[in-house]
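Order as written gives the chain letters A, B, C and D; numbering starts at 1 within each chain.
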């Protein structure tokens, strides 16, 4: 019963929290750039505004274009449901593991890319093409991270991994560090952050994700942007959950434990979002064809992480 | 000497009919002037011969010093007379169209029909002879009759081919005679003087006492001698040209019958060696020649521009495979060899039937000029496709079964020999299929050479033997009669 | 027996197909008959699958090798493949009812189609080596003729030639492989082979030859070259079968030999198989990304998927040899599941390619576009297929990839260091292939079905007969069902796996229906069923929330396109431009990709041209290389045709003297 | 075999050796007519060998063989070839493909090979047979050698006939070999001759020359 409640709370928590995190990142960046910046709650207002506007759809667009925002958002949301944020006691936790998580994000990307191509403009195709190229390296890197985590913890389920780490099963290992590095690189690519992509750009040379959603407006745009925000939250939950699971409520924890978990999660998100804002300010965006080096590096780090396990084991 | 006459079969003996009818009709056809009648006399005589050969299946006459029937030659006699019959039918259609095209004079045709029957006679005599000498005479006579038929068209190419054929085969047959003499010399101390020492049935029983060294020597000469006739590389040179330049029915019987008969002679000698037990095993020599034939033919196939030479080389290839199989020996490989002999005869003659019609229809033997047969002549074209696929060794046709047995049994025993075998087969397969695709598929030429005067009757007549053969090959690939299998197995044991 | 009568019906249909002549309705009847026969066979397979594991009834027919007759038997493995095969054939036959008058020469297709079905089914039920090979080659033969149906096209002919050569090469390999297992005495029946012991070298050769033989048919790199040539050349419903089904029959042969007849394959071969599988998967999908021809793209994607399956099989071998029976079973279940899935979505995609070709007459991606608006049925079904083949949840493709990943993740528990280090590498390759597959199908679907039409033909695409649409719809539904309720399938497959790995294993053992929980519940689990239900609810919630809080108004307008507002259709991304980043990243050295840009002179109004040339190095070096060697030798040998009689006599003389010398030498011993 | 004396062996060997010597001489000749004459001489020696065997073995049918050899091979064939050469105006010197010296050396090697092969194998066969066999095989191989070292068609035919002489020598030496063989040999030689005649006739008709190099310009299947 608590598992069901926990799950429902989780489902709505991620959606509710996501705009705030994005707003906070923006605020941090503005401040670091010397601007005052908008309130961290500005994204909520934007959503409301977008929802009120009519959606403009190109003549040449098919139903895929109109369905894509909903599918994308639902897929990211579903993925977010299975990453423990404040408790590992969730009814849906066994329904999907890290591999499925990667694939669910893949679903979102697939639809977004299709939507980008649907209108038949050159920008849409450009975005889709680049996005798929990035994904074709980021996904394997992510899977290699899952591989090394599964080797260390004996499971691919995020809830179980966290439980394992909390149980003190892991010390500080080289491969864990490598996996963390790879995961962060993947997270940057998946969320379209600098240096891979700039969420604020509309310059054709540099656009990736934005190019795909260029034609969207109104509620469609809201959903697409919302999906991006949820995805960011998801990755923060994942990184913090696996590598810093402290405070997370375990099955059997009382109301206090849950409250503690919630607080810990908010704190971790706050720290990560601040770090992200800082990081994005000090770094420059890459050229498109350097992505391969960056993500190939992530893939190799993931691979190294798996292999380093034997080193640790053998000694 | 005169005593041999007592060995001649009586009227109730099918052998009398089998040998007498072709011989008699050969004589009769020489004097028969009207070629249209002659074609039918030819068919009828062949039919009678075939019918009498079927009687052999029912009961076999006792062996005499001169003639005999056993498990080995019984099926070959039936096969020979059967292909003799189908080829005669095909020849009736073929000749009708040839003489419409005025390529042969009446005199030539008289000669042709007579020689056809004479050739059948020599083939059947060589198969049924219980005397190494008689067999040799028969094979030599077969050479002579076919030389005449190869040169029938009197073209420059035909005469050159016949000349080559004659010279090479005469030398070969001479060497075979020497081998025969050596075998007699080996047998004579054991069997005593005279015909006993040349009779297969008697020799095989006491072969273990023969001089092994002499048998070794004899086998080399027999192998080179009869091997020339079989067309084993590098003794094969006469074969492609002789096949290519003669009338197509003759190509069919050359490939379908003559090669078999020469191989039969070779195998009889191998049986003696196997029965002797102390002689050097001829296996390695046979395997070597088999492989060389296979590879030579396989590569040659890639550069052939003439459709009849193409299939002549394919005959060399298959003779190579068969020789290889017998060289490997053992129950499976020998069985496969015998099976392959049969299937190759039926299929290759069918192919030549098709080739004959094709070259008459298109007015050319050049592969490059033949296109889209399945589109322009569906019945002929698909028959041709089927036949070539069968000879290339695709199931469910019979050749596949024998290739399956040869390759798989060889691989289990001598992997190093099976690899070249499989490679050679694959090479040859590639060449045949690429040519087949060229000829049978694609856009047919717009203007088909005008042979449109041929009646529907004669075209049906020409196609029937092709399809009958293919039907047999198809059935045999899946089902062999028990008797045939039993014979094959007995012979396979004897071959060692 | 139902199965036997269905098979004979297929043969009869072939005869009827020959006699069909020019009347289209007769052709349709043949296809209808094929569909019914396939359904019967499908039912037969399913019925047997439902039974407990064990050997099915044997049938002996007095044909084939005379002294041992032909043995046929339906065991669990063949029943599973019979289901796989006949799912595809049923769909293709139904598709054929409507499609048969769109092929170039129906009379060259209809008679061979039932024969092809017959051949594939016969391979599955053969219980001796001879019948197996006869059926195997018969299947090749029938499909060769089908490839040749468009025989007036030079490309089809050369494709058919390469195909038949490769098929025969494979047959020879299998033939020698069976020969080794049968031994010199010729124990060609499968039960005899299972008992026949093998020494080390024989065992090595058997596996090698099986791999070459079945691998050449399945399309493992570097034996894949025929596949993208031949599959597209055939009429689409045949391509669907060749790609979706026939390659599975090849894998059946591989599984039959490696897991059943041989039975004790060393783990090293598992490693080799995994390596080949990984390379095949990555190369296959990279090739696919570079293709412009829709059917070629699909054919290369088949190569990729075969690679994925082979990774699973290799892993199963390694586990089995190391005594990890349950994990072997898991890997094998994963492989088999992927086989099932691929047969469904690849058939679907080829059928839809056929539909596109029928509707537009074009198969080049750059001539298509916007088809989803013109062909909503086909477009929707293809979308499902594309999602499934990209291994996206909750569709079936994901389930099998998930299972393969799960078993791969257990790979490092193998005791061999080669495997400990190799498995992660293979895992990376598999992951890469999966991700690239998604790119590949975004590209294919996006360009063909979305955007604006790139040619008149695409703009005027017409609708299709209902039989074609229905066959695609059913396959698409299967993709969804097999993804949503995977446990039902894995349980059935584990019956099949049990005799092969010697352990009774259910993937769902730990958590029960509908959870896939290999090994244990804490190992990581997946439930398509739960995921679908949750996903759907979230989708609905999403719609309700959005529409509840906001407006539902929609306005149609011109595309914004950053304000460019130009209406040039060709300014859309094309196949080449979409592939450009991937081409640059992955392919430039691997495939010798050459891009040449021709810029017009200043002032010249001519458009700039970009030419992309892709070289298949394997084709150039291996296949053309062999061709050149053969040609060279043939030229040399050919000189022997033009000698004088004297030289021929010399050859004879030399042979004689040589043999006499041999005898002389051997006598001295 | 008690009645076969040492003397009869020696005579048989002597005659056999003469046939072989003639075979060598054939290789040595440079002029066409000399070749024909030598061939006639070889046939004569063969006739003598056959007659001697008939006497020794008490096999009267061998006299027929001897007669055939004498009349047909030693007389008719050489004359006929003589006539042909004159009639057709064939170049009268022998064109060799291999120098005479090498040919002779190879010939000697072949004889050595024959002896090597035959002598051990017939150790317990009749001595008469044994040595004749070695001689016969040598003659056969020399005939073949001649065929492959000469360009001219006439010399090739002579080489072939020499080869047949060797065959007959072997056949007559085989004790008690039935008549069938002799008849067949005679028969085949006869037919061979007619065939050759026909060929010569046609070849003359079409190619104007008997040099085989000209004959084989076509050689089939040039592409």
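FYI, a contact is a pair of C-beta atoms (placed from the backbone, for glycine too) under 8 Å apart; a residue touches a chain by one contact, two chains touch by 3 or more.
Bear in mind that the values here come from a model prediction, so they are computed numbers and not experimental data.
Engineer: In terms of C-beta pairs in contact, which of B-C and A-C ranks higher?
Structural biologist: It is A-C, judged by the count of C-beta pairs in contact.
Engineer: Tell me which chain's centre, taken as the mean of its C-alpha atoms, is farthest from chain B.
Structural biologist: Ranked by distance of C-alpha centres from chain B, the top chain is A.
Engineer: How many angstrom lie between the CA centroids of chain B and chain C, rounded to a whole number?
Structural biologist: 44
Engineer: For chain A and chain C, let me know how many angstrom lie between their CA-based centres, rounded off.
Structural biologist: 35
Engineer: Between chain C and chain D, tell me the centre distance in angstrom, where each centre is the average of that chain's C-alpha atoms.
Structural biologist: Once rounded, the distance between the two centres reads 68 Å.
Engineer: What is the distance, in whole Å, between the centres of chain A and chain B, each centre taken as the mean of its C-alpha atoms?
Structural biologist: It comes to 78 Å between the two C-alpha centres.
Engineer: Please set out, as single numbers or ranges, the residues of chain B touching at least two other chains.
Structural biologist: As it turns out, chain B has residues touching two or more other chains at 163, 167, 171, 175, 213, 216-217, 240, 303.
Engineer: Name the residues of chain D that each touch 2 or more other chains.
Structural biologist: 117, 120-121, 144, 147, 156, 216, 219-221
Engineer: Residues of chain A touching 2+ other chains?
Structural biologist: Where chain A is concerned, no single residue meets two or more other chains.
Engineer: Can you work out from the touch definition every pair of chains that touches here?
Structural biologist: Every pair of chains in contact is listed here: A-C, B-C, B-D, C-D.
Engineer: Please give the residue numbers of chain D that touch chain C in the complex, ascending.
Structural biologist: 97, 110, 113, 116-117, 120-121, 141, 144-145, 147-148, 150-151, 156, 212-213, 216, 219-222
Engineer: Note which residues of chain B are touching chain C in the complex, please.
Structural biologist: 163-164, 167-168, 171-172, 175, 213, 216-217, 220-221, 223-224, 228, 234-235, 237-238, 240, 280, 285, 296, 299-300, 302-303, 330-332, 372, 374-375, 389, 394-396, 400-401, 404-405, 407-413, 415, 418-419, 422, 425-427, 429-430, 433-434, 437, 441-443, 477-480, 482, 485, 489
Engineer: State the interface residues of chain C toward chain A in the complex, per the touch definition above.
Structural biologist: Within the complex, chain C touches chain A at residues 369-370, 372-373, 379, 383, 387, 390-393, 398, 401-402, 405-406, 408-409, 412, 420-421, 424-425, 427-428, 431-432, 434-436, 438-439, 442-443, 445-447, 449-452, 511, 515, 517, 521-527, 530-531, 534-535, 538-539, 542-543, 546-547, 549-551, 553-562, 564, 569, 571-573, 577-582, 584-585.
Engineer: Give every residue of chain D touching chain B within the complex, in rising order.
Structural biologist: So the residues of chain D touching chain B come out as 61, 117-118, 120-122, 124-125, 129, 133, 136-137, 140, 144, 147, 156, 160, 163-164, 166-167, 170-171, 174-181, 184-185, 187-188, 191-192, 195, 199, 202-203, 206-207, 215-216, 218-221, 223.
Engineer: Note which residues of chain C are touching chain B in the complex, please.
Structural biologist: Residue positions touching the partner: 62-67, 108, 129-130, 133-134, 137-138, 141, 148, 151-152, 154, 157, 160-161, 164-165, 168-169, 172, 175-176, 178-180, 182-184, 186, 188, 205, 630-631, 633-635, 637-638, 640-641, 643, 645, 648-649, 651-652, 654-656, 659-660, 662-663, 666-667.
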